[in-house]
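Order of writing sets the labels: A, B, C, D, E, F, G and H. Residues in every chain begin at 1.
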Amino acid sequence: MTPERLRNLLDRVRQGTLGVDEALGELETLPFEDIEYARVDLHRKLRQGIPEVILGEGKTAEQIIGIAKRLLAAGQSVLVTRLAAESAPKVLSAVPELRHNPIARTVATVRDPAPRTDGPPVVVVTAGTSDVPVAEEALVTLECAGIPSERLFDVGVAGLHRLLEAVPLLRRARAVIVVAGMEGALPSVVGGLVAVPVFAVPTSNGYGAALGGLTALFGMLTSCAAGVTVVNIDNGFGAAMAVARLVQSERVKGPA
Amino acid sequence: MTPERLRNLLDRVRQGTLGVDEALGELETLPFEDIEYARVDLHRKLRQGIPEVILGEGKTAEQIIGIAKRLLAAGQSVLVTRLAAESAPKVLSAVPELRHNPIARTVATVRDPAPRTDGPPVVVVTAGTSDVPVAEEALVTLECAGIPSERLFDVGVAGLHRLLEAVPLLRRARAVIVVAGMEGALPSVVGGLVAVPVFAVPTSNGYGAALGGLTALFGMLTSCAAGVTVVNIDNGFGAAMAVARLVQSERVKGPA
Amino acid sequence: MTPERLRNLLDRVRQGTLGVDEALGELETLPFEDIEYARVDLHRKLRQGIPEVILGEGKTAEQIIGIAKRLLAAGQSVLVTRLAAESAPKVLSAVPELRHNPIARTVATVRDPAPRTDGPPVVVVTAGTSDVPVAEEALVTLECAGIPSERLFDVGVAGLHRLLEAVPLLRRARAVIVVAGMEGALPSVVGGLVAVPVFAVPTSNGYGAALGGLTALFGMLTSCAAGVTVVNIDNGFGAAMAVARLVQSERVKGPA
Amino acid sequence: MTPERLRNLLDRVRQGTLGVDEALGELETLPFEDIEYARVDLHRKLRQGIPEVILGEGKTAEQIIGIAKRLLAAGQSVLVTRLAAESAPKVLSAVPELRHNPIARTVATVRDPAPRTDGPPVVVVTAGTSDVPVAEEALVTLECAGIPSERLFDVGVAGLHRLLEAVPLLRRARAVIVVAGMEGALPSVVGGLVAVPVFAVPTSNGYGAALGGLTALFGMLTSCAAGVTVVNIDNGFGAAMAVARLVQSERVKGPA
Amino acid sequence: MTPERLRNLLDRVRQGTLGVDEALGELETLPFEDIEYARVDLHRKLRQGIPEVILGEGKTAEQIIGIAKRLLAAGQSVLVTRLAAESAPKVLSAVPELRHNPIARTVATVRDPAPRTDGPPVVVVTAGTSDVPVAEEALVTLECAGIPSERLFDVGVAGLHRLLEAVPLLRRARAVIVVAGMEGALPSVVGGLVAVPVFAVPTSNGYGAALGGLTALFGMLTSCAAGVTVVNIDNGFGAAMAVARLVQSERVKGPA
Amino acid sequence: MTPERLRNLLDRVRQGTLGVDEALGELETLPFEDIEYARVDLHRKLRQGIPEVILGEGKTAEQIIGIAKRLLAAGQSVLVTRLAAESAPKVLSAVPELRHNPIARTVATVRDPAPRTDGPPVVVVTAGTSDVPVAEEALVTLECAGIPSERLFDVGVAGLHRLLEAVPLLRRARAVIVVAGMEGALPSVVGGLVAVPVFAVPTSNGYGAALGGLTALFGMLTSCAAGVTVVNIDNGFGAAMAVARLVQSERVKGPA
Amino acid sequence: MTPERLRNLLDRVRQGTLGVDEALGELETLPFEDIEYARVDLHRKLRQGIPEVILGEGKTAEQIIGIAKRLLAAGQSVLVTRLAAESAPKVLSAVPELRHNPIARTVATVRDPAPRTDGPPVVVVTAGTSDVPVAEEALVTLECAGIPSERLFDVGVAGLHRLLEAVPLLRRARAVIVVAGMEGALPSVVGGLVAVPVFAVPTSNGYGAALGGLTALFGMLTSCAAGVTVVNIDNGFGAAMAVARLVQSERVKGPA
Amino acid sequence: MTPERLRNLLDRVRQGTLGVDEALGELETLPFEDIEYARVDLHRKLRQGIPEVILGEGKTAEQIIGIAKRLLAAGQSVLVTRLAAESAPKVLSAVPELRHNPIARTVATVRDPAPRTDGPPVVVVTAGTSDVPVAEEALVTLECAGIPSERLFDVGVAGLHRLLEAVPLLRRARAVIVVAGMEGALPSVVGGLVAVPVFAVPTSNGYGAALGGLTALFGMLTSCAAGVTVVNIDNGFGAAMAVARLVQSERVKGPA
């Protein structure tokens, strides 16, 4: 409910073109649709430039199908993340326009694509091969948001020469998403090499003292490279959304 | 060592204007100055657009003074964060051009100011009064980086009306830094209200189950608002540097 | 063993209408029945206004059936919570009068219903769709206790407009049970909007830094909204029982 | 902003007695007063029946004084909790109408006392002598809220006879607040003995495996007594506020 | 290698009845038998009055069979604890003299029974039905050690009357083993009621804040009842062995 | 309240030698004395053979003095543990018959000494010099309980020869209390060498990964030596009380 | 990129035998081969004397096969660790020259064996039978590195005589790898008995307070035996690689 | 007690030149001296090539002086680590031959210097200035052990060029000790660049998510660079002792 819309509403009441009860109703009508187990937000894109995304984990295939159909019926894009392998076939047969990316664990369809930006790509970096699924989740999300991207995989700090070769690519990037498990050292090194925004994604790869990703998470948070920010463990989607906020904000407001 | 500089150097060797040994020397000469306990990075700004910042914690007043003098001698700005209260007088009397901000726990002087941007300000939000020192650290850092900012303090989620009033301000911001302790719920609410970049700073305020800031940190990392990213507990400096990366990147590359 | 019952017993001994040995026996006869693996409490309702509830987790189907039959034989209601999916068919075929709620993971039958209260309902709120099973456990428990309830699902803080619409409903409630996972911010926001009793239930939904519900739990415990109290992770039953204590106490003692 | 107030406002706009801009202004005028470091909520009591309370921890004496004066100037009561011993003299000399309770670590003055309820008292129980300060914080808070209370101290489970004697008192209580450190077993025992609302407060008393109160906290959360709810470690204030919500709700809505 | 045996050996060397090399050999011959993956201790009973016990967890069925056969061949008793359900049939068919207790997860045979003591029994107490398997592991172990025992199950603190009835039994016991999960409050209460040795066994029963038994463990360690000692989570065997040390010690040394 | 006492009381009521109200009074009169902040248990020794002990931590000097005087007035012994260094002079000057042991952090006086046992001593072992204060707390407690003891200090596992020399002493002991910090390995080694009861006391000595004693605690709980039991970190008192239970039990019941 | 190679390259540029662009190309050509999901390091042995090893965990069988083939094609040895049981058949049928060790969970082939050293063996010690798989991983790795080794299994500290017998073997060793779970005490004892390098490997064996190997890990890190160093939980490979660094370093540099 | 010494002793008994009782005595005489609070190990150097070192933390100045004097009286070297600042003056005035290093927090004197090795130095690396004290502790220890060393300070991964310059130095080192706090990434990078032994020392520098050094510790343990081993937080002494084991072992056994 923006001030503009409120002013317009009050003006119509003032002019008598809108009754008090109608005004009340409009103030109370909210842009979501209530199904039994969810309130589907149909105006999120309007408010945030980002369509609503369905976190697949913790929902039944039936619930996911229900929400996806509601979004599609409202002409919105659909992105489901962290989809359980066993739910995918049900979801795909019920909503055939969705495309499945089993590595990224997503299904998606882009109805109303964001205008594709022409600037430099976002580079998505992984420390190892095991970090690829999380990187792919980020890449799918960027694609849904119309943001160009490039892959730079398996350049962990124990073999530094692989990373150093890619420094020019990283310096040209609009932003860098760095995905790493185990000790999570890669974002510190990347953050020290480039001045662009760096978003760090810890992964749950590793064993023992890797603590299911907490070690990488804490390491990234205490990074000695200033200005590196962090999202939840395995949350490739979140890092891509952080980039989407940045791109969306630049589009609307222009450069600094 | 950029490719351009390397090509230039190789060209000079080729032309015989640079001897092999000199070239070797140049390749090995690195832009830092070695004092007993530190290697002061005199070219960081060149590489990252961000001058080197001194983390005061864990350093003696003498070490801080030594590094600060070296930076000033090289014509660089100085920012010292997390300065112990008992070190401040020594540092200030030894390096009188530094200004002290006791709430932010910083001393700083800006020698070579970044060109001040004219765009919308960064809004620095706190949940409570106890979060103000961390917010002030962010504000000092933004000022050193030449980025305009605005305060929005004490708007925690338990009194939602205080925050809702400020939504237009938040929507106009270039980015929002949200500083909160205890349960750290504010970034989720802000992230759901605005589409601009949101950087969350957990603070160590609170007691018992606040776990010295870990509860706020974990809460922000699992925020249900997509694309909110997080820095270390009490790290106002880090959030401001994340904004600096974003602004610096826009300046250089233009909007998306 | 209340003082009144003790006085009465002593009076009867005094008057000679009760022998010393009989008195001893009565003092020692305790209102539970001993089966091999459990002491079934047949007088809990008498003492607490709440019939004994069987925690299904950690018990075999055979043990659950044994205890349920003993309670039914004593004319009591039965509520089994956290019933393993594989135990449900066995329990239902052995004790056919039980009704199964697979979402809530309960089986129950109400033999001796509490008189249904006519006051305002308890509102059970969830942040997301994944929190619904825990909310349903609370709703089943409230129903067993004869307490009217209403659902308000999927109103998490990242889409605040969904919650704000429901504020009048929440303010009219006898009590509010707020069920949320991830960062667990919803009880703080609800607690700041209403003055009625608020019971917060963290859920194990989320991943990574959600720490299996500990993040939501700690967040709720450090809530900046005063007077919000908390139960164990996923313990919808516990929150409903807290409401039952409140309702039971009001019934007996009248309003303040 | 209740629906009634909104309807009234819209009616006045309709009737022309309120201009659009004035209406906008009124919609934006929020009931708090902005001082540099805090937004003092002057209408909380109106909204919640509970005046705003100042958490002393993390605030300077100057900030506490500033907020307290603003509340007093608005005719509100003042309660400051977790006040640092060294701040107390400054606060008391600047705001002489405040009374200091050094054991409870509070200063308070009740300007606008809640009507004193006549019903049964709230019983505040401690397991040991070391838990008394937390219990006293609860007692001061109850007093500010006009709720009668009674003490039952040092009745920990290792000497069960001390507790059993008091069962009749506990059964008559409007609610019981149980304060315990170390293993935090007392709320389970009390919760099994009485049917009234039980609010458990873990304390940081104990050493080693007591983990600064986390052991008591976790123990209370996993209590085998159903319907016991829990607040943060050492948060006597929070438990009292939970009781205040209950009493306030009963007053307004009548018994079930 | 006791001093007596050493003296005897040295005497024989002195007298020339034992050659230096033989003496060396004897000194080096140690009372265990080396199989590929284990050194089976054939003299433990001699040294400790307790035969060697096989921890089944982490060993293959083949390894368990190999060790058990070696012990039996040496005329020793066998007790295997924490035996995986899928290993039991293999072990039983390979070593038919073993008896299986599936609830306790043990197989055992007593070849060389300790003389049965006639004194008061050890009472094994559980808080709930879910704690029974751990209690049964303790009971099997006590039986192998020839120590008489008695069961007292499902007497958790939330229904205190069930425990109070049994106080005379507990006071007569040689020792009490208290098995409890969730908040683990029962050993504190028992420890406060009786003066006999109390060994507390936390179990992994419970969910959420029960932390897989850590909450019960920490609670028991911080018990306010003095002199209660604790073993590892679910370690019924360990508690029984503590009792065996006590009984063995009394047998050898007589009462204090 | 034993059955015998209850029977006697009922008999007297039956015979008319005790009035109903007097009987009620007697049933309600409990053997503790209520001072403002504590209920001093004057009959603990009667019930447990162990006088009440005052945990000094968390109590003011005034509270300690109050409780100690009450115990002395009732003719009981006094033992105060974990007494803050700054409280000791106040306590000693107010209650001059107490003796101070500054290393053990205790004050004590034995009024009613337990009959000194003549059997083998309890051996109190430490891994290092830093563990001595905790060992001394155990030794003071044993002395108060009339149990003979012997010291074996600084025999940590990194210098095994120091321990091996003492094996005969350890094998003769009535029980062994093993006090160790850091990795806490000593109880495993001792437990493997002797068959007598072994009580392990982790200490908070060490740094970093010692985690304030948690590492030693967890190590002792997972000891590969069967039947070793554990008390809280730094709880020398608790280990001595476990021995007191054992000795007390043997005295009353005779050997097995 | 060593200085020598750089000098040689610059010399060739100087002499005109290498063009600037070729020189640039050579400087940028890095010794790895890029496949879709991995950058296979073909020169690691050159740089480190250790061929690249594939961590099987977190990679699909297809990815492992792809990397292994690339390494074999480059004439390198292959070692895959932590290979999932279900991946082994696929990998073995696709790359038949690999040998499978199911206990160690490795597949390996040594193409280019390191010259076998003749010195004293590395002794790999385990505390128990359950620790054998981790020890075998170390042994396979040592074999790949051409380092002679010897087994000493099941010599945990609870049966010290088994270890003491082996002291001469341990003292003769080039290095000792000590593998232990539960309380992880063995490295402290071994470290106190021998002066050779001791590398400790905690294992995830044990339950409850063993915390999945964290207790052993922390115990080893706080070992009272000086100079014992530690690797990750279950990381037998890492300990063997530490030995390989030591042996490789001695070979190149000679003794101290 | 080595086999050789045992054989010699037995030979003398055989020949009658040593009586049985004397032999017994000799077998029992152990090379330590017992003072009240410590058993000073006077033969450690003989057994391990490393003199006994006194951990200052947790000992009083008096105890440190007592042990140091005993060692000096036996002609041994003395090294005290982690000496409290307030104890240093007392220790130095009582034992004037000790030299104090306040940054390293050590006092030491080398009586019986190890023969100084001539090989390549050990390089001690720090990530930042705050890590210097821990590095200095390692350097003092190396000096006591007669091992040459070199400093390479403040070369953290956020400014990679500082480290890359030093690669040749690192590759020539006998071993590298890497000291780093915060995210602890430096050992991974160093371990990937060099093949020599790398010992990682996490420090407690950093705040918030640095968790007092645990984050660096866990990061180093999960390092993606193979064969890096780790010591306790801030344990510079331990890393130096690991190097001493390596050097000592090479001296005695020669290269592989």
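Here, a contact is a pair of C-beta atoms (placed from the backbone, for glycine too) under 8 Å apart; a residue touches a chain by one contact, two chains touch by 3 or more.
Remember, predicted model here, so these are calculated numbers, not experimental data.
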{"item": "Third chains touching both chain E and chain D", "value": "C, F"}
{"item": "Chain whose average C-alpha position is farthest from chain B's own", "value": "E"}
{"item": "Label of the chain whose CA centroid is most distant from the centroid of chain H", "value": "C"}
{"item": "Centroid distance [mean C-alpha coordinates] between chain F and chain A, Å", "value": "59"}
{"item": "Centroid distance [mean C-alpha coordinates] between chain C and chain B, Å", "value": "49"}
{"item": "Chain centre separation in whole Å, for chain G relative to chain A (CA means)", "value": "38"}
{"item": "For chain G, residues contacting two or more additional chains", "value": "3, 128, 159, 208-210, 214, 217, 221-222, 226, 232-233"}
{"item": "Chains that touch, pairwise", "value": "A-B, A-C, A-D, A-G, A-H, B-C, B-D, B-G, B-H, C-D, C-E, C-F, D-E, D-F, E-F, E-G, E-H, F-G, F-H, G-H"}
{"item": "Sites on chain E touched by chain H in the complex", "value": "3, 6-7, 10-11, 13-14, 16, 20, 23-24, 27"}
{"item": "Complex contacts: residues of chain D adjacent to chain E", "value": "127-128, 156-160, 182-185, 188-189, 191-193, 206, 208-211, 214-226"}
{"item": "For the chain H and chain G complex, residues of the former touching the latter", "value": "2-3, 47-50, 53, 117-120, 147, 168, 174-175, 194-199, 217, 221-222, 226-233, 237-251, 253-256"}
{"item": "Of all residues in chain A, those that touch chain C in their complex", "value": "1, 28, 30-32, 36-39, 41, 44, 55, 57-59, 63, 67, 82, 202, 204, 212-214, 217, 232-235"}
{"item": "Complex contacts: residues of chain D adjacent to chain F", "value": "128-130, 132, 153-155, 159, 161-162, 165, 181, 205, 207-210"}
